[in-house]
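Labels A, B, C and D are assigned to the chains in the order they are written; within every chain, residues are numbered from 1.
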Amino acid sequence: MLNVGIVGGTGYTGGELLRILCGHPKVEIVAVTSRNAIGKKIEEVHKNLRGIVDMEFVDTRPKIAKECDVVFTAVPHTKAMSIVPELLKYGSKVIDLSADYRLNVKEYERIYGVEHTDKERKAIYGLPEIYREDIRDADLVANPGCFPTGAILAAAPIVRGGYVERIIFDSKTGISGAGVNPTENSHYPNLAENVIPYKMIDHRHVEEMREELGVKVSFTPHIIAAIRGILTTAHVILKRKLTLKDAVEIYNTAYRKEPFIRLYDDIPSLSYIRGTNFCDIGGFSLEEDNDRLVIISVIDNLVKGASGQAVQNMNIMFGLDEKMGLFYPGLSP
Amino acid sequence: MLNVGIVGGTGYTGGELLRILCGHPKVEIVAVTSRNAIGKKIEEVHKNLRGIVDMEFVDTRPKIAKECDVVFTAVPHTKAMSIVPELLKYGSKVIDLSADYRLNVKEYERIYGVEHTDKERKAIYGLPEIYREDIRDADLVANPGCFPTGAILAAAPIVRGGYVERIIFDSKTGISGAGVNPTENSHYPNLAENVIPYKMIDHRHVEEMREELGVKVSFTPHIIAAIRGILTTAHVILKRKLTLKDAVEIYNTAYRKEPFIRLYDDIPSLSYIRGTNFCDIGGFSLEEDNDRLVIISVIDNLVKGASGQAVQNMNIMFGLDEKMGLFYPGLSP
Amino acid sequence: MLNVGIVGGTGYTGGELLRILCGHPKVEIVAVTSRNAIGKKIEEVHKNLRGIVDMEFVDTRPKIAKECDVVFTAVPHTKAMSIVPELLKYGSKVIDLSADYRLNVKEYERIYGVEHTDKERKAIYGLPEIYREDIRDADLVANPGCFPTGAILAAAPIVRGGYVERIIFDSKTGISGAGVNPTENSHYPNLAENVIPYKMIDHRHVEEMREELGVKVSFTPHIIAAIRGILTTAHVILKRKLTLKDAVEIYNTAYRKEPFIRLYDDIPSLSYIRGTNFCDIGGFSLEEDNDRLVIISVIDNLVKGASGQAVQNMNIMFGLDEKMGLFYPGLSP
Amino acid sequence: MLNVGIVGGTGYTGGELLRILCGHPKVEIVAVTSRNAIGKKIEEVHKNLRGIVDMEFVDTRPKIAKECDVVFTAVPHTKAMSIVPELLKYGSKVIDLSADYRLNVKEYERIYGVEHTDKERKAIYGLPEIYREDIRDADLVANPGCFPTGAILAAAPIVRGGYVERIIFDSKTGISGAGVNPTENSHYPNLAENVIPYKMIDHRHVEEMREELGVKVSFTPHIIAAIRGILTTAHVILKRKLTLKDAVEIYNTAYRKEPFIRLYDDIPSLSYIRGTNFCDIGGFSLEEDNDRLVIISVIDNLVKGASGQAVQNMNIMFGLDEKMGLFYPGLSP
């Protein structure tokens, strides 16, 4: 059994880690910390866990690091970089769900507006479909952002083939990505019967996409009236001709053996992957006259876009079956 | 391993049986029938099962009965009574999700407007919290309706205590209870931003409630803008005084050991039980002047209200741990 | 032209007053106050008014009272009672949308937990269908609460007929009734795919219902996943027999000439009255064995439940056509 | 007073025409036809009109044409071209809400797969912001499609300036655009908590955009969980540099005097234009490195995207104030 800890367990990603890990056959949850909820029962915060997870939030980070084989850090951006070094020092492996170790330091500092206090640390970008071998040996995995996961997986094969001039990712996300605290955007009268574009050109996640894809990338996110899920419409502008059949074949080749990528011709739906670690990719369409290839990807932002992918990384890091605790159907309808 | 069959696998309850059973550690799904989809891949109908359930719909009911330890019949009301006898004859146990064996024959014939063609058959009403011992030995279990499950569980303890003069159940249900086929009520412009009362006094399910509770029962269902879930507001009119503390204690005593009932003081939420077999009961409030006790119950109509409860019954019938394959947290948020 | 002022114009009811009044042919909006938004353009707060209402929020209450024929006070409960006397003193009529003048003082002080500082003032309860004649001559109208409007209109005729033993109002409301500020209940992940019961026995509005109806009244509100609208299911327990036909006839007689009440046999829908001042009443059903009559009413909580009814009262107070500026179809779908 | 007729009045656009026209001070609705509902009361089909529009559906097209100054044809594509000639012949002007007269004949026949039976007829494309002068004198106006209205208005000024290489319109539409009949896409369990891309490269409306804009246009529509509204994200790829300030100025200049276009810096919202004839345009953002200008437009698909624009055209054709009956605030929240 793996001894597992969670630092920062009161948010949606913390709750989702608990939802997944409490059913994982090789995991023992040892401790869950929270600065603001010390001593409170976990099931009072995550009421879906009532009768299932019988623990309290604690505040013993050094102890966690010593007792745990792996710790998930689910704390806000700019906070993780002060916690992670300590955890690693005491011998735990770390999977960080914040942005602190995803980017090159210079871009990170520009985007997040703070100095990085743990500059020299090397982390592996935790996208198993691309970095699986590196993840196996990693002590620190930087779990990808939700938008980059859906976008990069949608575009990587065709980019690697050398066909792409530029990509415009137009993404539609459920509101849970914005967290547990009520905001203007999450206020029901504002979001229901609506769709809210934001950060039209400069969302923080675009840099992750650019670093991983290496082509001209534009990105505009929109919040939809949904709790979970990200659907990304990848408008891929081609610089070389190819047929639709060839495009589909490139994806088949790239993802044939991937346990959590499902390819199909028809259009992916948030309904098919709700609550799961799958990234479904489909809807391939080629607008020949305009050299535009359209690809649709869907993920659950809290699972493949965060906590599920983190557990997938854990499975890889500890030599477990990559699908363990994660391979179940979506809640559909 | 139990060999399990499903008759009528294309609807929501069929899909939900597959979602649950494909992760059940003691179940082998042997065959899934459908008159209209013979030869079609299951994952083409239930696309959330892609890559997980690799089977085709078949039409071999006699064969199913011979090969299976238990068959779930998920066919429309009035159809089951012609299928169930055959299945039982060939040696399979049966859990029927239709209404055909839930009621006394006379009421059934009045409500469904057909003659019952299998009148003499005895079935056990599959509400484990009430009939667990009978279910153990049953060959045929009549799985309860979705509304009755939530309503009866909300009211049974206080009724048994002899406190109740009458009950008005005002229920709010997600639209998935109405099935996979688009209708006026399921048409998004009609249901979104709305709530639709229907069958204000004569919903078919009220008779189940009356037979099980034995007091004066009224029932008015409403469709809410939700996919899953039933929240029932039980307005219980008392004929004997009791304190709120006593009322809560009656429920604690009744349900203390129930694995799928969670009691609490605060108000239950569809969010906490989404996708699960739990029935959460809470919100206990006593309006003393008016002798009204209010109790709120929530279930997932497709799980505890249908397929999950059916699997719970299966576990009991075959001596398995009642929680097997069913004990996991709700998808929240 | 009537000179009209609004005190407290930044909330939903203030915005809705502006939406309605800006199209009213006999109204000139003279001033709109807001403590927190002085000097801000109204269209920056109510962006639907852009290009239509070109005014700024001011803070000149005495001046308002002098310049206006009528002032609407749309301020929180317990605030109105210190503003209203001043407005009346300077010669304006007042329509108060708060609860401050709706109840007898003793009940008010018990429910709102403050001493009433304007105890002797007499206000008319602004439900035109019941108090039209009194409203004509009123200087101060206490505009009814949203839930009481829908509930009282649904039940008054049958109560007046002497048929009623008790009523249980089970209401379902859109979230806009809770105001413009984000809260736990208005947080999209909490409300979507859900229905939230609250104040199961002791919502502040129940006292209004009791004072107006004079029979045993119970009330349980639920928030539904909708922006606007209240649907009330009135479970009326009868003490005298009557036929369904007679019940319907009682309503026809009572409401035949009412411009804003529409009666019909089929089930009312929030969709038909969205954005309007109508109260649709229907769904009449008689459960004879249990002496239960079910009646459904629907209103738009921000219109007939607040600002629209306030304008209806204004029309009556100033001898205008009661329908003026208010008689248009709902936004359906 | 204008005598007005509607051919095909049972659908959403027919209902919306009635909702708008019944409040238009210069309009008398003379007749509303429907093949399937002859003799039925209009308010039984459009229940929001109860007590307001007291007419029956008729089937007297020749008569309509003789009695009416203008007829709106709200019939399916390919049906209008057999009705319009007759109406014109008998002396009525016609505003056709179908696609039959929007495109050049060759493209029309390719896209709709039928031969055009009224090839020689000249119609004016009814986008007042572009063709106002031509509309004044038109006998036949082809009312634009919903998507083209939002897309063309979002892009026309910058295209006319000669700055544009190509545009990708990624649109998000409420489901009412798909009509009153329940479908797979409008089935609540399929659409709620989801977003549905469709016709990724070949939606019929793209040709309208191409004919009007004259540059390389790509278009991908998505259905969102909303009843009304289209939000279009215009990803404009520039071929010449310009500053964001210049871009905004181009729009200010183009639309300064337009009564139904509202420009602003912040992000447009479906909530601000719900139920109205406005097209709000904003969210201007310039991604300099990638030569991408992002512009957001919002319309109500049933109003500015259909029936409201049709009435706007009517006002222009008959020399009325263009805003008459159409200039009111959106239903927000």
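Definition applied: a residue touches a chain if its C-beta (ideal position, glycine included) is under 8 Å from a C-beta of that chain, and two chains touch if they have at least 3 such contacts.
Predicted model, so just to flag it, every value in this text is computed and none were measured.
Touch-path distance (fewest steps) from subunit B to subunit D is 1. The greater number of contacting C-beta pairs, out of the two interfaces A-C and A-D, is seen for A-D.
Inter-chain spacing, taken between the CA centroids of subunit A and subunit D, is 39 Å. Our note on geometry: subunit A versus subunit B, Cα centroid distance of 35 Å, whole angstroms. Rounded to whole angstrom units, the spacing between the C-alpha centres of subunit A and subunit C is 46. In subunit B, 12, 176, 189, 192-193, 225-228, 269, 271, 274, 333 are the positions where the chain touches two or more neighbouring chains simultaneously. Those residues of subunit C that touch subunit D in the shared complex are 12, 15, 18-19, 22-23, 46-53, 176, 192-193, 227-228, 262, 264, 269, 271-276, 278, 280, 327-333.
On the subunit C side of its complex with subunit B, the touching residues are 166, 168, 170, 172, 174, 189-190, 192-198, 200-202, 216, 218, 220, 222, 224-229, 231, 233, 235, 267, 269-271, 274, 283, 285-287, 290, 292, 294, 296, 333. Within the complex, the subunit A residues that touch subunit C are 12, 175-176, 180-184, 186-189, 191-193, 225-227.
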